[in-house]
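Let me begin by handing over the structure; questions about it come next.
Per-chain residue numbering starts at 1, and chain names A, B, C, D, E and F are given in the order in which the chains are listed.
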Amino acid sequence: MGAAMVPPMKDLHEFNEHRKRMNERILSCGHQGLKRFWALDSRAYEAGALDEKTLEFMGLTTSMVLKCDDCVTYHLVRLVQLGASDEELYEALNVSLIVGGSITIPHIRRAFETIDACRELQKTDPELKSLL
Amino acid sequence: MGAAMVPPMKDLHEFNEHRKRMNERILSCGHQGLKRFWALDSRAYEAGALDEKTLEFMGLTTSMVLKCDDCVTYHLVRLVQLGASDEELYEALNVSLIVGGSITIPHIRRAFETIDACRELQKTDPELKSLL
Amino acid sequence: MGAAMVPPMKDLHEFNEHRKRMNERILSCGHQGLKRFWALDSRAYEAGALDEKTLEFMGLTTSMVLKCDDCVTYHLVRLVQLGASDEELYEALNVSLIVGGSITIPHIRRAFETIDACRELQKTDPELKSLL
Amino acid sequence: MGAAMVPPMKDLHEFNEHRKRMNERILSCGHQGLKRFWALDSRAYEAGALDEKTLEFMGLTTSMVLKCDDCVTYHLVRLVQLGASDEELYEALNVSLIVGGSITIPHIRRAFETIDACRELQKTDPELKSLL
Amino acid sequence: MGAAMVPPMKDLHEFNEHRKRMNERILSCGHQGLKRFWALDSRAYEAGALDEKTLEFMGLTTSMVLKCDDCVTYHLVRLVQLGASDEELYEALNVSLIVGGSITIPHIRRAFETIDACRELQKTDPELKSLL
Amino acid sequence: MGAAMVPPMKDLHEFNEHRKRMNERILSCGHQGLKRFWALDSRAYEAGALDEKTLEFMGLTTSMVLKCDDCVTYHLVRLVQLGASDEELYEALNVSLIVGGSITIPHIRRAFETIDACRELQKTDPELKSLL
């Protein structure tokens, strides 16, 4: 419910700062396994047989059916950076809703808030360069 | 943990406002599939072979085992509106706890806070008409 | 897919024998915690503020959204024993489908097979006394 | 483990027959909600802002992280029908594995068996017209 | 994201107060089943064939793969009280990450914040006696 | 239900053969990401700050609460190879049951069958060298 009470742009930057700071904390903790998983995770979304946008759409929808708000925010930002349209995003959220059921609805509400925050931020930062 | 820091009645109204505003946002986005799912979702809880209260109890317990706090809040409010007693609500939460395990406990704590907030609100609004 | 290849009545009895044999195995293993959980589990479905049928409907729908075929079979048999009609069962499965999404569909297919097997068995054993 | 013991092509046809027969059983049961959900589900994968293949890749990966073998089989067959290459399918399975973790591995093993069965069937039925 | 905005020690104490207050509320509600489950839950982590630390590590990793932040916080505090080293905690989080996938990453970020808050609190309260 | 119908030892060897054959199939498919994940997965259970047995107990309990029968079978075999006693295994299953709820019961039944099959196999192969 918090997202409704702060200006949306601030929220995306806060999310981004927190994500970056904690990733650095974890990657410098000295555990090789954690570090390698982080690397594998990044590489999974790099273009290969499938293009980046298709891979990110899989990231978005799997995150949604597993109800991970932070993961959904991340993939929505990436998809907006890659030029996804609102209609494409809505269609992906619709697949997630059908697959995952009404239990995804609160997360879909927050996803729409994130999409709106991205579009607002694009007015001054069209490629969302200030994020991720 | 937020619910502990604000007066409980305000929290229920904030939840309600956010839910309503975002539902309107989604239903006016132009995607037919999302709209139809929302309609199917509402219809699933309308009395048919089973009465409304039994259907809402299924909504409550399935939401609890899938650990969806917002869904639990919604169904608790509906059940209080339909006249469910504390004892009935506790029994339903107990089934959820047995089925879903200790992992539901933090959500059961929050459900008790919501029940208490509903009972508090009923002192001035007995049928919770100000909600949903 | 197995259920489609054996006569359905045999399947219900096999399920029942396996469930009984393994429960006995577990309850005689000497671990108090397991034994107490089994007792708590049974008690959760005994009539209290809510009647047995409502409690079983919660058991059915929570099992369905958590995609537990064996649990679904158990609660369907119990509900048929308690006199639930096909229409009531379909309505409960519909709530599960809305809450849990299309991912429940394979389990709903198997639930319909179980309902049909129960109705078939009722021709010679109207109260399903040979089960559970 | 069964899939390893029967010739793979027979398995795909058995899956298909069972799926079709039970869908018919459910759609003729008289419950409007179930019928409408089935329709919404089909429509979610029809080309709109996103093409059919991208939508099916979302269906595949969400099914995999939710560990639904039957759903995975369905979307793999559809993707092979739409011309997806092995490399594309492996990349999608890799995203699912990263998102869903090692717990998806048994389902990924079965997905590889399904891919191999599809490629085998394509030798006599290149567009898998005998399925779905 | 809230944890990043308040001093970490305060957060652990708030978590602790809320947990205690709501446990008391639930245990005094008069429902025997809930009370017995709480008792079974405590007993499950008492040393028997396995020592307390091993049992708590199972509590931590199962909570993490089921993405329950409050449960993770609880088991991390317990493990620090039992003398677990950072290296042991990181290794347990690594197993959770491998088993549960990238979807656990936001929860692993918050777990690292909790570990850091515990280490900070240990400067003035070495055995975390002010918690749990 | 199948496990009840075949001699248990044969079942463990079949599981083992299938697992090995499909792992080889996947690791030779040419996708680097899949190969690296398999390596990371193996390494996560190698002794470091925590010993092998503790790591395997985490593997067992996380697999159980995520209801992955094949993963549970694998970790039970590993734990028996590492000398775990029945009492230790029962205690770990009890933690899983408390955390994951009654929905794990069918999987706990199958876990007991696997334990019994391992003990039977140990009569001729005390260290289960014929497995994994």
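Just so it is clear, contacts are C-beta pairs under 8 Å (C-beta built on N, C-alpha and C of every residue); 3 or more make two chains touch, one makes a residue touch a chain.
What you see is a predicted model; the values in this text were computed from it and never measured.
> Along the shortest chain of touching chains, how many steps lie between chain A and chain E?
The distance in steps between these two chains is 1.
> With centres defined by CA atoms only, which chain is the most remote from chain B?
F
> With residue numbering as the guide, point to the option in C-D, A-D or B-D that repeats A-E in over half of the contact pairs.
Equivalent chain pair to A-E in C-D, A-D or B-D: C-D.
> State the superposition rotation angle between the two copies chain C and chain D, fitting on C-alpha atoms only and giving a multiple of 5 degrees from 0 to 180.
My answer is 120 degrees for the C-alpha fit.
> State the chain with the largest centre-to-centre distance from chain A, centres being mean CA positions.
Between chain A and every other chain, the largest centroid distance is to C.
> Select, from E-F and A-C, the pair of chains that is joined by more C-beta pairs in contact.
Here the pair linked by more C-beta pairs in contact is E-F.
> Mind checking the centre-to-centre distance between chain C and chain E? Centres are C-alpha means, answer in whole Å.
34
> What whole-Å value do you get for the distance between chain A and chain B if each is reduced to the mean of its CA atoms?
Measuring from centre to centre gives 27 Å for this pair.
> Let me have the rounded angstrom distance from the C-alpha centre of chain B over to the C-alpha centre of chain F, please.
39
> Hunt down the residues of chain C that sit against at least two other chains at once, touch-wise.
Chain C, residues with two or more chain partners: 2, 33, 37, 40-41, 44, 62-63, 65-66, 71, 87, 90-91, 94, 97-100, 102-103.
> Looking at the complex, which residues from chain F come into contact with chain A?
Where chain F meets chain A, its residues are 33, 36-37, 40, 43-44.
> Quick one: which bits of chain E touch chain F in the complex? Just the residue numbers, please.
Against chain F, the touching part of chain E is residues 40-41, 44-45, 48-50, 54-55, 57-59, 61-66, 71, 85, 87-88, 90-92, 94-96, 98-100.
> Show me the residue ranges of chain E that touch chain D in the complex, using the header's touch definition.
It is residues 65, 97-104 of chain E that touch chain D.
> Which bits of chain D are touching chain F when the two form their complex?
1-2, 4, 67, 86-87, 90-91, 93-94, 97-98, 102-103, 105-106, 108-109, 112-113, 116
> Can you name the residues of chain A that touch chain E in the complex?
Interface residues on the chain A side: 2, 14-15, 17-19, 21-23, 25-26, 29-31, 33-34, 37, 41, 62-63, 66, 68-71.
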